[in-house]
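Below, each structure is written out as structure tokens.
Each of the two complexes below includes chain A, the first together with chain B, the second together with chain C.
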Partner chain A sequence: MTTAIEQLNAAVYLIAPELILVVTVCVMFITGPFFVTESGVATPGLRKRWTALSLTAIGCAAFVWYTSTRTAPAGAGPFRIDELTFYVRGLTLAAGAVLAVLFAEQIDDGHAAEGQACLLAILAGVNLTAIANDLVGLFLALELVSIPTYVLLYLPRRGAANQEATAKYMLLSIFSSAIVLYGMSLLYGASGTTNLAGIMAARSQHPEASATLARVAAATLVAGLSFRIAAAPFHFYAPDVFQGVSSAAAAMLSFVPKVVGFVAILRVLPLAGELWPAADSGDGASIRTLLAALAIVTMAIGNLLALRQQHLHRLLAYSSVAHAGYMLVGLAVGPASSPISGVGALLFYLAAYGVTTIGIFALLACVAGKGAPLQTQGDLAGLSRVHPAVALGLAICLFGLTGLPPTAGFTGKLNLFFAGWSDGTPLGRTLAIVMAINAAIAAWYYLRLIAVMFLDPPAAEGQPGKLFLGPAVAGAACSAATVLLFVAPQPVWNAAARFSALASP
Partner chain B sequence: MTSLLFMLLLIPLAAGGLLLLFAGASQARSARWIAAVGSIAVLAMSLALAGQYRQLPQSSGAVGVASPVQPKVEFRKPWLTMAGEEGQRMTLEFHFGLDGVSVAMIVLTALLTVACVLISWEAIRERESEFYAALLILETGLIGVFCAFDAVLFYVFFELTLIPLFFLIAIWGGPQRRYAAVKFFLYTLAGSLVTLLGLVTLVGSAAASGLASPCSLPELAAWYRDNPLPQAWQIGVFLALSAGFLIKVPVFPFHTWLPLAHVEAPTAGSVLLAGVLLKLGTYGFLRLCLPMLPMACLAVGLPMAAILGVVGIVYGSLCALVQRDVKKLVAYSSVAHLGFCMLGLFALNSEGITGGVLQMINHGLSTGALFLIVGMFYDRYHTRMVDDLGGLANRLPLMAAAMVFVSMASVGLPGLNGFPGEMLSLAGMFRRNSFYAAAGALGLVLGAWYLLTMLQSVFFGPLKEPALGGESAAHHSVGDLSLRELGALAPIAIAILLIGVRPQPLVDMIRPDVEAVARLYEGRRAYTEIAVADRSLATEQQP
Partner chain C sequence: MSPQTQQLVLWLIPGAPLVAAIVIALFGPRVLRQRSHWPCWLALAASTVCAVILLADVVPATFGEHGAAASVVAAGYPWLDIGQMQVRIDLRADAMSALMLSMVTSVSFLVSIFSAGYMHGDRGYARFFAAFSLFVFSMASLVLSGNYLQLFIFWELVGLCSYLLIGFWFQRPSAAAAAKKAFVVNRIGDMGFILGIFLIWTTFGSLDFSSVLFDPDRLRQAGAAEPGRITIICFLLLLGAMGKSAQVPLHVWLPDAMEGPTPVSALIHAATMVTAGVYLVARSTPLFALSPDAQMFVSGIGATTALLAALIALTQMDLKRVLAYSTVSQLAYMFMALGVGAAGVELATDGATAGMFHLFTHGFFKALLFLAAGSVMHSMGDVIDMRRFGGLRKALPVTHWTFLCGAAALAGVPLLSGFWSKDEILAVLHEAGEHERVGGFFTAIYWVATATAFLTAFYTFRAYFMTFWGAERFPPEAGHHPHDAPPAMAWPLRILAVAALGVGAAASAGHWFATYMAHTPAMAHEGEHVFHLDLMVVSGLVAFAGIALAWLMYVGRPGLAASISRRASFLYDLSFKKFFLDELFLSILVLPLWAAAKLCYLIDLYIIDRLVDVVGSVPRLLSRAPRLLHTGLVSNYVLMMWVGLLACLGYVLGMMG
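And then the complex of A and B:
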């Protein structure tokens, strides 16, 4: 009989990449204040060194991630390493590197240490969400993402809008965490253990005993986690928060919480009910219907409200809501027996969406810099004359969000489409059709942005502003990746689909 | 030969990328020359490709073994393989190929692109390098559609063409360019999303029943020949696929975006739009609907295409008749001409399909040339209104001669290219259903009517020129066709004459492909005919 501590010791090597990140976080938090005077003044350029440190940490974590074991038996231990972990780690570390570069330009020297440390903590939290094999561990990982996010959002201190955004995000996030916790407690009540494998075993032994309880738990968990993926009707914070925060923070918010939310849903929902059951089981069907309804409402609300937006960040917030809807299509379809699994398509779409959306925010940041002159779509007018390369990159990313070739967005939508349609059930077909309609609606507002950039004359004559190097590099990398993921999607698809092949209970 | 094909795809793309990269720095002059050299190189290579293709031995595949869609040259490389749990696989491929129809369409695309570059030489005065970049990227997309033999790859190129054409219309177009471009983009995108739905069903149900590479068009066509879908399914898939194609063609009543887009587009945009882009719709029918869904084509496609085609012929001709804007007149004539094309394709026999394909090429040549000439006199007078112009033959004899020549081709004068296409289309349709053919033939008369009326009032009679900003002296500088403009028109005119006098080589080139499709329909009668026959039998018996 081993104690919990011994178990933990045995399992520590499983989370080596996250340990590297967390240790760096500690170093940054502890030593950071010594480089800043009491009045908050730091040597100019300090932020570049912190960025270099955090990139180094991400690089080391990535090396360990790539070389270490890819699967380990879950059992009763606190961690489980499977294909989902592998995929999520790769995704977050890649996105994290880009985000670190973005944040370098957006936080002043005095707060750079805290900013980079928060970012690394968030990345570690995302990975741990995918690794946790215990309800408590899962919840801690979720909070390891949330709490640094509050700090990160507030660090630039850009006035009332920023304050409002942070406060709104914090309150609603805590609220949603409480709902998740409630759902978890119900699961614990139904099975008597917090270990995920244990819950699964208990549920399969007595499937009838706690069916109602599990169903309520499933609904609660979906509701709580929907906040993170910004699914309607839990999306209300998104536009206000996106509007109030810097481009880098908005880039982070549009991508990282989505990964966390979907990974957590993929981990806990199979416990609550048979998520993707055989056709005759009624229990899972109700969860599927719930997810499908959520997907349809989310797509419709996101796209319809985005049509009217003038503020860029608000528009992208609603677009992020709409994309959550597309991804929910994959979740609702599940790993069906058709050649393309819904979960695989969802995970692939996460990557495609991440590249394009971070790319857009990076390119906006590279024109605007630390200030925020790029607010409404009118500010984009004539961008193709002033900064043709930036306009081209933005056009690629926007076409990516629209789902047009030659971008990753096309491949991602195509896979979701295939998954939904070849699922063979009326539910899947309906979802595919609704998705097609929504893709057509969405084309309108993305196209409007492109039209403003390429057709309108520049608002103000005069010297074009200087481009910021870091975000420019990040944006260029993302636009290139958007095209690359279209031309050569196989490696990413393999990594995404390997998990979904195992996902069915 | 595949290397030649890749050069065809890569050269315009590379030239376009080059122009885009140096958009800020480059001079208008160098941009033009890069575009000209690039497009002429593509034309030369496409002619070489056609020459090599004709040297290939006729496919020796036994009847019934070869697929209804069978490229003679193929290149395959896996793109994305997805494996299901129960061993089904779904493979997307970079599957390029060439058959007779695609070779012909590629040559047409290359020919018209050269003309587009030449016609824009002086007409485009701002953001030149971006303009030529869009033009060349559009060429890549078009060539890609014609040589893609993977269902998804086909769709990718099909959609890809939207982007450069959107910019061509929206940046360099007329006063209402923005509205026109957005309408064109959203309309066709909405249609092609429904097409995607049909495509996914087509591919997905083959994949579900065990076809290993369901996206490959040859394999898919062979699969559906041996294991046809049930008729209700075929009809559903056919209608979904048609949504995008009907809008693209455009068939009445889905044509409303077309006149607007044509009028607002710059000349080069109109030429490629009319000459090649509209053919993507009919090409889509030929590649996807005809070989895969024979029952639906007979049951739904034939009456739908024939009725809409005939309505389009008559309606388009009548609309053209009352237009005062010459460009709009030509735009409506496209609606009418593509009606013939639809009639031919959905005759579903080898004469008809051959006629349809010929009509695709001929319409590209003659309407492309018409738009070129309209653009040329617009450059001179800055008006296209019939009422403002008259007797231009007195001042511009060469242009008038070219216009008469091209109009005759468009009307379908024997000896020029329009004749064999329309003739075969109608002949094919006559064999299938004489009523539709007779109604379509009416359009021939109408076509002659509106074009000749326009010719008479614009080019003949007393000279009437619009006042150019009050300076009547400026008209003395209006000269006849320049060498550059002749260079744009001459190759097209030669092609028009060659196809008119001797269509046989072209027909021979496309015949194997057409016959492979038509073979599916041999011995099948249209369901409507059977229904009509039964009813007449019943009425006979009643008294």
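And then the complex of A and C:
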């Protein structure tokens, strides 16, 4: 019998990439203030060095990620390493590198250390969510994402609007965390342990014991985590917050919480036992119906509200809601439906959505910089003549969000559609059809943006402004990845499809 | 060669032009400007080298006639693998595609060099080379496709490039109209092609060449089970081929396509893209071999087109149009050969080989003729009407000699390249004529082919004599001293002239071409190659007769042509006005369609549009209600989250019953 400390010591090597990130975070927080004067002024260009440090840490973590063990038996230990961990780590680190470059130009020199440190802490939190094998660890990981997010939202633009947005996000996020915590405590009550594998074992040994408690716990957890993925009706913060924060922060907010939310749901749902079975038992008595209802409401609300939006960030916020709905389709279809796993399709879609949405925010940022000249749809008019390359990149990413070839969005939607359709149940087919209709509605507002960029004359004549290098690089990388994931989706798809939620202990 | 190198070579052939196209499109207009040809040149040189390597690699140097093992080089990766649906990106080369690729890439390379001289100073210089590179990428990918779906995608992409390049000078209404016409006429063929692909899918459950074409058991089963279905597939594929390769009645777009820059006419509308239809039919030989009816139709269409186009070419005054009709006629020649399988399955392979051989040699000499015509146009200030200039042989010596080489090859002067390949076609047609059941049909086709050969020799040299002989005359647009081709234009002409003279003899020596082709899967050659000396003598005499008649009418007795055309003015008008086919199409197809379109437009405007507007306004109306909930107040948002939570809980508790 080993003590908990010994277990932890033995398991520490499993989280080597996250340790690298956290150590770097500590270094940044501790040394950061020494480079800044009391009035908050720093040497110009300091932010570039912090960004370089941040990228180095991400690079080291990625190296360790790629070379280290890819699966490890979970058992009673605090961590587990499986295909989902491998996939999420790769996704987070890749997105993290892009976001680090994107944030580099959006935070001033005096606050760059804190900004980059927050970003790294968030990345570590996302990975730990996928690694945690314990309810306590899972909750800590979720908070490791949430708390630095509040800071990161506020740092780039410290004005009244930004303040309001950050405060709103913080209050509602705390509320949702409380719901999650409540759900976890119910789960603990139902099984008597906080270890995920232990809960699973207890639930499978005595499925009838405390069945109601487990179901209520599952529903509560889904509700609480729906805030992170911005599913309706937990999405209300999204448009207000997106509108208030900078492009880089919005890019982070549209992607990272979604990953965290879906990963956490994938970890806790199997614990509810028969609530999330492989196939519909036929009487509709499964949580699939709940997830399907969430998916349909979320898709509809997101797309309908995006239709009339003029403000770009608000529009993209609603688009983010709608995309949460598409991904919920994969979740509702479930892990083991044949011949294509809904969970696999969901995980692939996360990657596809990530590159396109971060790409759009990056390209908006590379024209706007820290100021915000690109606020409404009208500001995009004639962009193709002023900055043709930016307009092209935006068009590619918007095609991606629409789901048109040749972009990752097409492949992702195709996967989800097939997952729903080939599921064979009326539920799956309904979801596939609703998704197709919603994708058609969504095309209207995405393509309208492209039309404005390419067909409308520029609002004002004059010298085109300078492009910001960091966001431009990030945007170019994302646009290229959007096309690349269409041309050669197999490596990512294989990694995503390898994970089967039910096979894990 | 190591497998890695082999893969690299395969990827580079289409890959290099694609990279060039992207580079030119991105940096051409602002950075490269008049240097935009460099990426294109480099990429096409790389492609050409790779194609030659591939040619040596697909079939080893020690290939032999008997016991020829079919060999295939393939690269690719699974693109989509969703559930039961697997889609692969396949690059696949065998002997047939390697031969075609070597012609396509080398001619493209030479034409790109010529273009740098020809297009010099044009405002759309970068745009031209970007589209040009994109075309070579699409064409190489088309030839390298390993399944029908991919073939179709690149089939459309070459069509798009053709559209872009025909309409290159889109400021001219005629160019824009010609581009549109080419696109629309091709759509008719493509409709057949895609229906054929659907039918292949439902019949074979696959679109891969390896399982559709090169699996004899499966083919035999499919043929035995549903012979009618195979015939329908063949007809549909043929419809696609007729559109792309400009066969009657879908040939009307090709002459108009001459509105594009002349190098484009040389490359796309003579040497490469238009031969894609021939390639498609030759590629699908195992399929066509199952359907004698479809093969008879192939030959019949070929014969009709060959004769008709040759007759039209007799009287055209526009040098490029003469060449365009001659292209139509020569493509039809290839189709005639592709159909001989109707007279026995063993002949199908010979027919396809002869057709591909003619495709190969035709690519060189027809590109040469077009480029030489372009050189004439260049020095004549863009005048191409043969009535407005003459006697150019002293002013433009290089152009004159190279044009003569091309014309002689096209006319089928013995020992030049056109002679060898044309002779192969005549030989297989003659052999098919000995078949007991359909022999009569093919004997008739053989005589049509011979007559066409005579007409070809005549109109080619008519154009040659009218342009280069007689009294020296320049149009005012040419200025005082027309200059001959600059080096960038002269060298491709010289190299192509050598190819036009020699490539046929080189490929015929020891039946090299046919032996090589026999390494294509399912095209193994059986039987001996026979040397048809009698047929050669006949076709040689026919060629000389045509040339002699042209000399007599346009050099020897200059008044003769005019007096003949006066006396047979009806026939002359029929030919000059292209048998009124354009007018016929206009009245029986275009005008009724236009009226129907107008009607549909009105229905669309007043009924459908209203409906769509109503449907479109539903989501907008629906979006009103949820908007009201977005108040901006945190307390309201928390309330909504409470409602959501309670709904979730209510659901699970209700589920418990």
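Heads up, the rule we're going with is that the second predicted complex is superposed on the first by the 485 of 505 C-alpha atoms of A that agree within 3 Å, B and C clash if a C-alpha of one lies under 4 Å from a C-alpha of the other, contacts with A are read in each partner's own complex, and residues count from 1 in each chain.
Note that a residue touches a chain if its C-beta (ideal position, glycine included) is under 8 Å from a C-beta of that chain, and two chains touch if they have at least 3 such contacts.
Remember, predicted model here, so these are calculated numbers, not experimental data.
Undergrad: Using the overlay on chain A, decide if chain B and chain C clash or can fit next to each other.
TA: clash
Undergrad: So in the superposed three-chain picture, is A:I340 touching just chain B, just chain C, both, or none of them (first/second/both/neither)?
TA: Both: A:I340 reaches chain B and chain C.
Undergrad: Check the residue A:P405 against both partner chains and state whether it touches chain B (first), chain C (second), both, or neither.
TA: first
Undergrad: Looking at A:A11 after the superposition, I want to know if it touches chain B, chain C, both of them or none. Which is it: first, second, both, neither?
TA: A:A11: touches no partner chain.
Undergrad: In the overlaid three-chain picture, which partner chain does A:F175 touch, first (chain B) or second (chain C), both, or neither?
TA: The second partner, chain C, only.
Undergrad: Does chain B (first) or chain C (second) touch A:V151, or do both, or does neither?
TA: It touches nothing on chain B or chain C.
Undergrad: Give one of first, second, both or neither to describe whether A:L455 is in contact with chain B, with chain C, with both, or with none.
TA: First partner only, chain B.
Undergrad: Output check: A:L414 vs chain B and chain C. Expected answer is one of first, second, both, neither. What do you get?
TA: Once the two structures are laid over each other on A, A:L414 reaches both partners.
Undergrad: Mind telling me which of the two, chain B or chain C, contacts the most residues of chain A?
TA: Ranking chain B and chain C by residues of chain A touched puts C first.
Undergrad: Could you tell me if A:V473 is touching chain B, chain C, both of them or neither one (first, second, both, neither)?
TA: A:V473 contacts neither chain B nor chain C.
Undergrad: After superposition on the shared chain, which partner residues are touched by A:P489: those of chain B (first), chain C (second), both, or neither?
TA: Both: A:P489 reaches chain B and chain C.
Undergrad: Starting from the residues of chain A touching chain B, keep only those that also touch chain C in the other complex, and list them.
TA: Shared contact residues on chain A: 338-340, 411, 414-415, 418, 422, 444, 489-490, 493.
Undergrad: State the interface residues of chain C toward chain A in the complex, per the touch definition above.
TA: Listed in rising order, the residues are 26, 77-85, 616, 619-620, 622-623, 626-627, 629-630, 632, 634, 636-638, 640-641, 643-645, 648-649, 651-653, 655-656.
Undergrad: If you look only at chain A, which of its residues touch chain B in the complex?
TA: The touching residues are 335, 337-341, 344, 384, 388, 392, 399, 404-406, 410-411, 414-415, 417-418, 421-422, 424, 432-433, 436-437, 439-440, 443-444, 447, 451, 454-455, 489-490, 493, 497, 501, 504.
Undergrad: Residue numbers of chain B touching chain A in their complex, please.
TA: 20, 23-24, 78-86, 88-90, 130, 152, 155-157, 159-160, 162-163, 166-167, 170-171, 178, 181-182, 185-186, 189-190, 193-194, 196-197, 200-201, 203-205, 207-208
Undergrad: Contact residues on chain A for chain C in the complex?
TA: Result: residues 167-168, 171-172, 175-176, 179, 212, 215-216, 218-220, 222-224, 226-227, 232-234, 236-237, 239-240, 275, 285, 287, 289-290, 293, 300-301, 303-305, 307-308, 338-340, 389, 411, 414-415, 418, 422, 441, 444, 487-490, 493 of chain A touch chain C.
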